[in-house]
Each structure stands twice: as structure tokens, then as C-alpha cells.
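The block underneath contains the structure these notes are about, expressed in C-alpha cells.
Should a chain be cited, it is by its letter among A, B, C, D, E and F, assigned in written order, with residues numbered from 1 in that chain.
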Amino acid sequence: MHRCQRWLSAGLVVCVAGVAFGQDAVTAGETGLANVTDRFVVDNLWLLISTALVFIMHLGFASLESGLTQAKNTVNILFKNTAIVAIGLITYLIIGFNLMYPGEAWTVSNWLGAFSFGASPAHDGSGMTPDYAGYTYWSDFIFQAMFAATAATIVSGAVAERIKLGPFLVFSTLYVAIVYPIIGSWKWGGGWLADRGFYDFAGSTLVHSVGGWGALAGVIVLGPRIGKYLVNEEGKCQIRPLLGHSMPLAAIGVFLLWFGWFGFNGGSVLSADPGDPSDGNWYGFGGVSLVFVTTSIAAAAGIIGAMFTSWIVQAKPDLSMALNGALAGLVGITAGADVIRVEWAVVIGLIAGVVVVLSVIGLDRLRLDDPVGAISVHLVCGIWGTLAVGLFADDARMTQLDTEGVGVGTFGDQLIGVLATGAVAFPAALIFFLILRFTVGLRVSRDEELGGLDFGEHAMEAYGGFQVFPDH
Amino acid sequence: MKLIIAYVRPEKLRDVKTSLSKVEVFRMSIDNVRTTGDEPAVRESYRGADVYVDTHARVKFEIAVNDEFVDRAVNAIIDAGRTGIDGDGHILVVPIERSIRIRDGAEAGEAIA
Amino acid sequence: MHRCQRWLSAGLVVCVAGVAFGQDAVTAGETGLANVTDRFVVDNLWLLISTALVFIMHLGFASLESGLTQAKNTVNILFKNTAIVAIGLITYLIIGFNLMYPGEAWTVSNWLGAFSFGASPAHDGSGMTPDYAGYTYWSDFIFQAMFAATAATIVSGAVAERIKLGPFLVFSTLYVAIVYPIIGSWKWGGGWLADRGFYDFAGSTLVHSVGGWGALAGVIVLGPRIGKYLVNEEGKCQIRPLLGHSMPLAAIGVFLLWFGWFGFNGGSVLSADPGDPSDGNWYGFGGVSLVFVTTSIAAAAGIIGAMFTSWIVQAKPDLSMALNGALAGLVGITAGADVIRVEWAVVIGLIAGVVVVLSVIGLDRLRLDDPVGAISVHLVCGIWGTLAVGLFADDARMTQLDTEGVGVGTFGDQLIGVLATGAVAFPAALIFFLILRFTVGLRVSRDEELGGLDFGEHAMEAYGGFQVFPDH
Amino acid sequence: MHRCQRWLSAGLVVCVAGVAFGQDAVTAGETGLANVTDRFVVDNLWLLISTALVFIMHLGFASLESGLTQAKNTVNILFKNTAIVAIGLITYLIIGFNLMYPGEAWTVSNWLGAFSFGASPAHDGSGMTPDYAGYTYWSDFIFQAMFAATAATIVSGAVAERIKLGPFLVFSTLYVAIVYPIIGSWKWGGGWLADRGFYDFAGSTLVHSVGGWGALAGVIVLGPRIGKYLVNEEGKCQIRPLLGHSMPLAAIGVFLLWFGWFGFNGGSVLSADPGDPSDGNWYGFGGVSLVFVTTSIAAAAGIIGAMFTSWIVQAKPDLSMALNGALAGLVGITAGADVIRVEWAVVIGLIAGVVVVLSVIGLDRLRLDDPVGAISVHLVCGIWGTLAVGLFADDARMTQLDTEGVGVGTFGDQLIGVLATGAVAFPAALIFFLILRFTVGLRVSRDEELGGLDFGEHAMEAYGGFQVFPDH
Amino acid sequence: MKLIIAYVRPEKLRDVKTSLSKVEVFRMSIDNVRTTGDEPAVRESYRGADVYVDTHARVKFEIAVNDEFVDRAVNAIIDAGRTGIDGDGHILVVPIERSIRIRDGAEAGEAIA
Amino acid sequence: MKLIIAYVRPEKLRDVKTSLSKVEVFRMSIDNVRTTGDEPAVRESYRGADVYVDTHARVKFEIAVNDEFVDRAVNAIIDAGRTGIDGDGHILVVPIERSIRIRDGAEAGEAIA
């Protein structure tokens, strides 16, 4: 998501948002009616529609996570995902937006954004016109706010079935209010990573890896679910799968995530730009059309990669892996969806699909118990996708973007972005989780875990009337 | 009076029911259970880890009958429930001391087919 | 939903629909190609996309209602919701549209619309051009028709698990064909409520309260479900919850409703207007961008309000309450989504979230058995949201709208709208239900209720093969 | 879907895509910035949004098909539907697109498209501008690719619960890679059916019937599911319903399909054209607005038709039939959604709703075991819808389209299209299935079928922990 | 000691439980089963084909009691579970030879109410 | 021959199964039931109203064994199923008169481990 940095001169704003459409240029400084072009209306509308699409990803996460976990924890998972949307939006309103997009009001230049509370457009009306960007201030805010909430929600799947509700909500609030916006500001807010040439179109790193690092920290601090890793008679450790309770829910989740991704990636173009015919290869880089194609194709390739890998490795094709494969492809393409040729999107997706299956299996070997594969999908494939920009992005296009000052995306740049994100997100998450663990406690009691968090945390059942067989 | 408890393959449920009705045993209770026995465990695979499920879905009949019906009921179950492969299931016969119909409180023989 | 009253002069049409965009003005009277601007195409498209979003709310209702009721009544609930979409669309085509938007063809001026059957655009082609409004005649029709169907569907949740299918469908047909359009015509059709200055942007009153009054009447006439209110040993009345059978379905329902609300509120702008920078506060009032923000933020605040209220009142946080909280916030903001500042949207949503929880509990104390909380969400929060316009709407903006003749929204105006709606909708629904009760009968037999309406009304089961434990 | 045939002169392209909007005309041959109008941006955006909507239909199919089948086969059905999206997109990228839209590069003129592999826009940038069409090359590709995948997915429901996974995936690959594009090219690619005046707006025949013929062939070759048709004591054949395991899933499926259909039909306008006011009747034919109305109204009428038919025939109203009725109406209107008056849309939908119920029952009598009614919905109503164009399409409009060279749609033309499609699709599918049957085998073993394909093909369960009662 | 097995209508579950607790029988196990008996088959209709479902949902109680509790338990069940219409269900009394509490391994009489 | 009926905590299902297999009892049937006993009712809260659920999920084993296996089976269940807290469950031993294997119709001792 290569958004218009608000403090840039209006000229560059136009250059990025409406890059191919010189005729739409507005005279900077002028406010009011005259400079609101039809193109501005369309671009703004697309950002809002994308917001709705990104919103529905939260239902995707809620469905996927509850589908891949046990029936006795379903209320808890749905509750977490519902609460996080609310927390994400409200904290982003209060603190996140200004922290992430400080304009020129950095607290520490290029490293730490503005601690000004609340969101409010400029008092000269420019926030509603192209003087602000290729969309209004409010569209900007709500699109970014929906993004923010997704980063926090990624964590919830990984720590599911054993984390206490209260502490988790505290963690999420801190993570989405502080960690996500600060890291995001480095690139999308125009900070030091942007200056270094790091490229992350829609957030393989800034959203997915950030969420993934939080997931990893949570899984480490919490430890595995009871019964996941057993010592068998020969004293060898054994992995015992804890079956998800509803594959239809999981499938609904993944399809909705893909559906939402059209807004996640497509909206990150930040305009309805159909594609720049004057790019290096006449290929339509940077436009919504190409982004839709690379996004879909990578997801499809991810399914195929995961399907065959699981078919080979597990002897039978595993639906949950194929579904993870779609997400892997989507996360993988997210960093470069607008600068990668379609054939390379196939490759990125295929590899992501293979990687996600091996990663799920590998993490299990390391006794890292991630019930839904969030670390594999969001962290591992997020890193893969970010680095893939360094490997596969179209050279001519990157040169062109370099000129415009919006990223070079060499492998080195990308690696720095990956490492810098990990270096902050992971320790931050770890510290939050550890503090919570040693103060209020992070993990539910053994009895509660066995009986289910739905009873323990909510005094409810998800499926009133249905009898659910204990793990047999 | 006896209580016949029979564990049969789920796919034989209707056949057993029909077979019982042919020998005029119409009253029974049916439940689904999971059982273990000689049948080998089935490998399930989920997210890269295998689990050997050693319980199998079976259907359990409970049939209260007068003594003279036991043999034909047992035979009817065997006839309809057998495939000859491990896992066909088992029949148990347990004594019943009393049997009461709730509708009218009627006891014993007259209450049971 | 401040729609263009069709009989207004083209000049005002443009003034409302394209308020900030003088350059889009078309020459009235001219038909055909020349006056179809790009802006018209965009505005029209957004209304259609909003139609699709409002449509998916019907799946939201179907999911939420079936999730919060018992498994043995699931087929029945899904059937009702499927039939109502069909009935709503078809009756609106036959009678509702002209009754609600009579133009100048009122049967009783400003009080009772036109009884001309069928929908058909003008025969000079103007229905397809800005001569009609900021969108085509057909877009207008289908958007309004989808709205109409939602009002009827609100009732179905409240009367669930005990109402006969046939009589319910008769009620719905009458309610959506007659009551909804007549009340709607008072404001959106340009009737007497519009003249009085009543303001209801997207229907807190005209849609949600109208549905809510029908729900209240139904609940009163039907009485509670068997087993809901018990007399315990000490002779005291006791509330026994009848658990919903699927929290995932309920969550899917609420997220889809929120998703659809982007079209419900966003589309009610009736154009893709990004926001008017020349409004009193340079705040973007009246535009889609702000509407997306207030809508989302109120929903988020509603979740937070309901979550904490239920956490305090019930000791544990109740997922179904948090979900109701989201809807409460959405209903609450609907009347004023385009004229309220974001900070007040937080307040409106928070209060709605608190109110909905207390209302659900309060109605239960009054032995009003509403299985899904439809009365609390749609009626109570609909009233709250309507009055909130009188309390929190931006003064400058309302003054501006007053000049344009589209509402003042003082507390008094709002109260009149609320009362007038109740004074017609509730008795009308009551009469319909009572007539049905004393003729064909309204409630299924005790046996059918205990055995489930799925068997009784449909001879089907919703979950073939699953054993569902009786209430224990 | 009357798409711009790529090899037509730019003049006609404009004439079709932007038919009412002469002012948008671009100078053919010019490339680059200057000719990318705002209208182009909007039209292109709508095609992309439609792509997302068509995508979500795949979740609709997955949900509907798993809801109407038994719990023990749920993983398998979800897996098939997930894999098919991937296969559909990737094969369309590799071979389908050029085969279906060969431009002037026919292998056999007007009968067999181009076997050039891969998709890639022209190297002069025109693919990103109106020189290509009213949308970019990439938008065209991804919209068409999503369509392609739906044709294959139709088959999966009909052959569910007994077909081997591997062979089914092979069939789907062949069918979607070869049969669908070839038949599609005859009309939408500008082949011989287009020349004959055959009219199929969005694919009643080209998509739905093609899928339906595949379904029919599969059902014939596979035979019925074990236990579906029994011989009773009197030696008479008896139909025993195998209950679907989740009506909520089925309802979710149908509502999502309807939701997606707004993109399927609406996007097939291939622009955001609000409707042509200069059409014969000033009725807005050919525009998105009318298409939304006819689509919705036909679906609603389909529900009503199916509801009453099933109420009469089966004594109680069957939810699964009402749901099928919605789809029947949608399939029925698809061929003529842009050329039919709204009152005829009611008629077409009503008849489709009646027909689908009778067809489901009739096919059962013929011992054709189609668990989800795919043949009735897609083939029978696809044929009905196609022929209905010949009966109900607006005469003036068709005359106008005739002038523009895009179809006449007389009953004879339509019949030829129906027959030609069946004459190729059905034998092709039959041959594929027969070859698979006599080589690798097509049907799972009796034991696997009884135990469920989830175990047999995937070694998984869909509902871990839930006990599902065997058919009793 | 006896094991009382009772099949009752699902809607009578709570009444039977309450009725049993009034005669001081608190310990029991409950399960849902499907039963056949005199109650007529119910027509279900699905996609145009009818199926006559001849099994009905019932709730099964298993109650282990000392001998002196049998009569009052049986009566309590009959009182609460009877509607007088076909399908009210049945009570079986089966002998128990031993009864052991898992918590402390205690045997027999002292372990059972 | 005896039929051992045991109600144990759901979380002890696998332990009990393992424990039984150690004393060479491999054949059994398992079902999930709801039971009442000394374990206090659990408050559930739904939409503002509380409900005290006095039935608890338990797993029920049915194990037909030859007489000489009874003691060790009972002990195996107690060993694995005990937590010492109210609600650990109960074991009942019921006489079996006949036992028939469906696969081959074989009777009695030889058919049962």
C-alpha cells in the first residue's frame, strides 16, 4: 500500500495517485468545489469499497480460526475477533492514525510518529479534496483503520484455545495502538524504511509479518495446548493433531479472506487507476487491473502448491492445507502485487503454497503450537513475499518508482525491512506477553482449557444442544 | 425378559431394523457410539500430523424382548449385520427384572412384544 | 437516506445529489445522451453496488436469527428469510414503490401515496438520465426495494420459534406492501414529516423502528415460547434462556449485516459524493467518506459498550450481546450518519451498546420474549438514533440542510417522527396479527413447538444426521 | 455477456461498450495517457468489482453443495470447490483465454480459437487503454477467468458423494481448459453462433448449460449414490432422499450466489453504463441498472414459483426447493437480463421456479441422482432462459442490437445455440468421464462411499468431535 | 442394586429429572437416542421425495439405585413422563452386581443414593 | 460374563482407554452422555439470563468381559479416571447371560477377551 504521504507536495500526490492522468491535476492550494474531479470521486469511492472488503476479512479470520479449532472454544474465538475489530478501529481513531501517518509532525524524525490524539481533517476543507490526496481524509482514515485491525487479529488464531480473554484484549490494544502504527510509519508514513527504498505494496511485512511476529511471540510464551505433544511409550515425542471442528467454517473463512483481499491489495493502489500503459513494459504496473490478476493468480497457485505438497507429504490431500495455501499465495503476493508480472505471480504463489505446508509441519516439529497456521501463513509467507519483490519485481518498473521516490525494492532493501520489522515487532510482543504472564497471568487453568474456554471465559456454549464428542 | 444389546456397523442399521421387523421385533432403541475391537485403527491426517483413530463408529441397539424372542432377534441381527470382516460387532444379552410401560404403567410380559 | 424527491425540479435534484459539484449540472428538460455525465455514471454505479450490499444483509438476518434460535427451528427461519426477500421485492414492484414515492400523485396529499401499480420509467427516457435524479429510475427502484425487504425481515427474528409460516408470510406481505411505504412516504417520499423538518438519513426510524414496532406487536400477540418463563418452587417467575444453537452462524450474521450497512448507509447518500468541503465545518458532512467512518466507528463503539455492560451485568462477557452491540451501534448511527461528527458517533455507538444490553434484559423482565433481540436492536436503538440526531447533529450542517429544505432535525422534530411512526406502525401490526390470530390462527400447536417448526411446517430437518440434545 | 470482440475496430468497441456516450469516444490508434477517460476508469473498476463478486460465487457453490450433501462428504466437496477455483484460473491463464477470445487468430475460423499459451497484453500499451476495449486487458482476463471457473464448479455438485477426487480434478481441468472456452468462443469470442444472431447476455447457455451438460454426463456415467433408489417389498422402485446435512450452509450458499450474480450479470454489461435512454422504449436496456432489476426480480419470482410448487406438490414448503428456485430464476434471466422488460422478468423467474421443482422431481423419477439439483438449475433453467430470450426479449431492442451486429435472439437462433452447445458439451463430457471410468476408475469403492469420502479421499473429518447419526 | 433404564419423550426430560429429585434420586446419566415403537412413522419430505422416519427422538435415563429406591424411581418417571399417547416410552430394570465409585473406589451400597 | 458400565470424565477418555489396554481389555464401546451427581451445577449465562446446568458431560464406557477380567478392568478404570474431586464418576457391573460375535455367530467365552 503505497499511500500518498500527506505532507508531500500536492504535485507528487497527483503524480502517485493519478499517475497516468495528467489531465486530472488540480491546482494545489485551491480548495472547495472546483478541484473535485470525477476521477477523484471514483478513486475515493474505490477506497471506500475496498474498506468494506477489508472489513469482511475480519469475518474471514473469525470463521477460519473457529473452524480450525475445537468446538468448545468457538465462542471465545468469535468473541476475540469481534472485540478486535472494535478495538482496532477505536484505537486507530484515538492514537494509531497520527502515529502511523504523522505527516511532518514526527516525534522522532522518520522513526516515531505523532502522539496527537484523535482524527480530524484539516480545518480548511482540504481534507475533502485532492489537496489532501487522491481521496478524502476520512476515506484514508477508515481504510487504514481497517488494515490496522487485521494485524491484531492475526495473532488471535495462533494463541487460540488457551489464552485468557482479558490479557489478550490488553495485548491486542497495545499491539494495534502502538507497535503496528510505529512500524507502519517507517514505510507508509514516509519514515526511514521508505527512504531506504524498501518496497511493500500492501503489507506482506507491515501487516502480515507484524501480525505474524506477534503470533510467534504469543505461541512461545503460552506454550502448546494440552495434549498436542505427547510422549509415547518409547519415550519419543509425538504430535497429536487436535482436529478443527468445522471445515465448512474454515472454508468460508478462507474464501472471505480472498474476497476481502481484492480490497486489501486492490485498494492499496489508492486509486482506481486501471494501470499505467507507459510503464517500462506497457504492462499496466501499479494499476488495479494488474493487482487483481496477480492477487488471484498467486492465490490459485498457492492452492495448487499446497495441494500437491500435502498430497505428497501426507499421502492424502489435506483441505486445511489447501486453504492455507490460498492464504499463503495471497500473503506472498501482497508485497509486490503491483510490480510483478503475472508469470512470476504464479511462481510466488506456488512457492508460498509449498512453503506454508512445510512450515506448518516444521513448526509442529519445533513444538510451536499454532492451531490455525497463522505463523506459517502470515510471518513465513509474509517474509517470502517481501523478499520475492527483490527477486521478481519488474526492473523497469522499479527504476521508474525509484525516480518517483517510492521504493527500489532490491533484495537488500527488502531484507532490511524484514529484519527491522522483526527486530521491533517480535521483542515488543514478547515483552507485552511476558509482562501479562507474570502479572495477571496469560493462560487459562488446565481445567478451563480442558473444559473449554467458552465455559470458562464466557459461561456459554457455541452449539447449544449439540453433543460434541471428546477427543477420542 | 432380556435386554439385547447389539453393536453393528452403521451402514447395516436399516438392514438390521428391517430384519428385526421380519421376526416381529419392532420396539428398540438406537444410538450411535464409538467402539474399539479387532478392527485396525484408521489413520487420519490433519495438518501434517497423523493420528491413528482406534475407535470406530458403530450403531448400538437396545432391544427388550420376552425370552422366546431372544433367539430369533439375535439371529435376525446376525443375518443382517454380518459382512464376515473384522468389526462386524457383538451382541450381548442381559437379564431384565422388570419392564414397565410409561403410558399406562403396565408391567412385564404384556408390555413387551 | 435523503433521496431526491422525484417531482422536485431538476435543479434541486442536482443540488442535492451532486451538491458540491456544480460543474456536473445538466440542463433540465434535455434528454438523451448529452447530459449523462461521468459523475452520473459513478453515482448510479454506487447506488447499485449499495443495492448488492443491502441485499447481503438478508443473509445476515437469516444467519443471525437462525444462530440465536434452536436447531429444531432452523429450516423455518431460513425459509422465512428467503421468502421475505422475494415478497419484499415483488410487492415493492407491484405497489410499494409508487406508494412510497408518489411524486406529485399523492392519494391523500403528503399522507398517502399513489396506488398505481407496477414500476416503469417515464416514457421519454428521462428515467435513465439525470433528469430523473442522480441515478436512474431502475437504480432507485431496486435500491429502495432492497430497503423495503429489510423492514419486514426484522420482524421474523422476534416471532421466531412459534409463529405459523403461512400467517407470517401474509403479515409480512401486508406490512411491507402497505405500512412500510406509507410511513416512508412521509419523509423520504416528501410527505408531512419531511415538511416538519424530521431528519432520518438512512432509516433508524423509517426502516428499523418500523420493523421493530412490528416485532413488538408480534411478540405481544404471540406470547413467549414455551419454557422461557417458568414459575419456580417458590412461586417466583424465572427466566430460562433458550440457547441459540450456533454462535458461528450468529457471528456470520452480524458481520454480514455490518458489511451490508456500508451500502445501507453509504448508499443512502444517493451518490458517490466524497463529502462536501464547504459544509459549515469543512468536515465532509453528507459525503460517503464520512458516512463510512461514522458507521464503522459507531458499530465498534457499540461492541465496546455492549461488551463491558454485559461483562459487568452478567459477570462474563456474552458474545451474543457483543454482536447485538455492533448492530445497536449501526442502527443508532443510521439516522444521522451523514451529519454527525466522529466523536459523537463514538458516543452514540457506546450508548447504543449499553442500551441494547439493558433493553434485552429489561424486555425479558417484562416477559416479552424476543429470541434474537430484534426489538432492542431495531426499535429501541432506532429510537435512540433518531433522537440522537436532535442532540448531536452538527448545527451548522443542519442549518445548511434547512436552507436546502431537507430537514432540520431538532429534538422536537425527531420526537414527532418517532411518535408518529409508532402511532401507525404498532397499531397496524397489532391489528394484522390479531386478525390473523383470530381467523387462521397465528401460533403453532404446543406439540409442534416442542417438536420444532422444521418438522411441523416443513417436514424437514436442518441438520440431517446430527443429534441435537433436548434442552437439559 | 456481450463482450467487445477484441479484433473489432476500435470504433465498434466504443459503440458497444460506451454505447450511449459518444463524448467518451477515443481516437483509435492513439495510445498512452490522453485517451484514458474517467469513464474508462469507472467501467474498468466495475468490471473488477464484478470479478470479486463472481469470485464469491465459488464460496456460494461450495456452501450450497456441502449443505445439501451428507456430513461425511463435506471435506471432499469443499476441497473440490477450492481446487477448481485454482484450476480454473490457472488453466484460463495458460490456454483458456486465447482459446475463447482468439481475436483474429482462430485456428479454425469461427469454430476453434487460438492455441497460444499464456496471457499477456499487447506490447504497445494499448491493452491498458480504451484501444483494447472499455476496460483493460487484465480486467478482461480476470473477469473471464472467474467466469470460466464457475462452469466447472457446476459439475461438482451433481457428481458429489461418489466420485474419486483425482479423476474429477482431471475432468475439470480438461472441461474448463478446452470445452468451455471453445463453446464460449462461438458467441462471446465472435464465432459462428454470434454470426447467426444467437443471444446469450451473461451465459445461461455458455456458462450454465455448459456446466449442466457436464453434470448430466457425470451423473449418467457414475450412477446414483448407494441407497438412493431402493426396491421395496412389492418390487417397486422407491426414491429415498439422502438428507443434506446443513440447511444453513445451503442458504448461505444461495444468498452468496445471488450476491455474486450482481457481478455475473451486472459485470457482463462490461461497463457501468446506467442504461441507454435512447433504446427503442426509453427503457434503459443494456444498462447495469436494468440488469440489477431484472436479475433480482427474476430471483425473487423464482423463489415464489418454487415455494408454491413445492408447497402444492410436496404438501409442505421445502426450503431446499425455495433456494433452488432463487437460482433457477437467476439462471433463467441470465441470457436476457439486459433486453427483457421487468414484467417479463417476473414471468421468466416464476416459470423457472416452477420448472426447477418439477425437474428435480422428474430427474429423480428417471433415476438420475443429482444431490444438489445442478442439472435442474443450470441445464434445464439455462435452456429455459436462453429460449426465453426468443420469446420475451424486447423487439425494438433486439432490432437495435441487430443493427449493431450483436445478436438477434429469435427463438430459432436461440434453439440453435442451445442444441449446438448440447451437441458438443454433452458428448465431450461423456467421453472424458468414460475414459476416466475405464482407465483409472471414476467411482470410489462401496466401502469408501458408505464410510464417507472425507475419510477415503482425505483421511479427515469435517466436524471433528461431532457425532453424526447414520441415515436412519 | 438395580439399573433403571428409561426411555422418555425429550420434552419430558426436565420434568422427569425434577420428579426424580423429589424422591431423592439425584444421580443418573442421560443420553439422546432414537427409538421405534407403536408411535407412527413421521413423513419427512426432502427435495420432492418422501421418507417415512420410523425412529423417534427419545431421551434415555440410566439410573443406578439401591433396591428400595426402585419403586419410587419408577413411579416418579411414570408420573412425570406420561402423556397417555402412544410413544410415552418404557422403563427397564436390570440387576447390578457391583457398583464402585471412581473417586475413592468405594463399593456398593454406600456409594449409591 | 459381565458388562462393565463406567461413567468417566471426558478428559480421562484416552487415559482410561490406555489403562484398560494395559490390562488387555481392548474391546469396548464409548459414548458421550450427560450425567448428574454430586458435582455442583455450572452457571451458564445467555443474553442476560442465567441457567444452572446440573448435567455434566461424561463419557460412558460399556465393556463386556469375562468374569476374571472384571477386577482388573475396574481397577484400571479407577486408576486412570480418578482425580479425587467430586464428579469422577461411577462403575456399574451388570451380568451378561450370553455374548455372540456377529462376524461368525460364535458364542460366549471364546468370543470375548
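Throughout what follows, a residue touches a chain if its C-beta (ideal position, glycine included) is under 8 Å from a C-beta of that chain, and two chains touch if they have at least 3 such contacts.
These numbers come from a predicted model, not from an experiment.
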Chains touching both subunit C and subunit E: D, F
Between D-E and B-D, the pair with more C-beta contacts: D-E
Centroid distance [mean C-alpha coordinates] between subunit F and subunit E, Å: 18
Rounded Å distance between subunit A and subunit D, as computed from the means of their C-alpha atoms: 33
Mean-CA-position distance for subunit B and subunit A (Å): 53
Two or more partner chains touched - positions in subunit B: 30-32, 34, 44-46, 55, 94-95
Junction residues of subunit C - those touching two or more other chains: 38, 42, 49, 243-244, 246, 252, 314-316, 318, 320, 458-461, 466-472
Chain-chain contacts as defined at top: A-B, A-C, A-D, A-F, B-D, B-E, B-F, C-D, C-E, C-F, D-E, E-F
Touch list for subunit B against partner subunit A, complex: 34, 44-51, 53, 55
Interfacial residue positions of subunit B with respect to subunit E in the complex: 3, 17, 26-31, 62, 64, 94-105, 111-112
Residues on subunit F engaged by subunit A in the complex (per definition of touch): 10-11, 13-14, 30, 32, 34, 42-46, 57, 59
Residues of subunit D that touch subunit A when the two form their complex: 31-34, 36, 38, 40-42, 44-45, 48-49, 51-52, 55-56, 58-59, 62-63, 66, 74-75, 78-79, 81-83, 85-90, 93, 118-129, 135-139, 141-142, 145-146, 165, 246, 249, 252, 457-467
Residue ranges of subunit F touching subunit E (in the complex, touch as defined): 2, 5-8, 31-38, 55, 58, 60, 70, 74, 77-78, 81-95
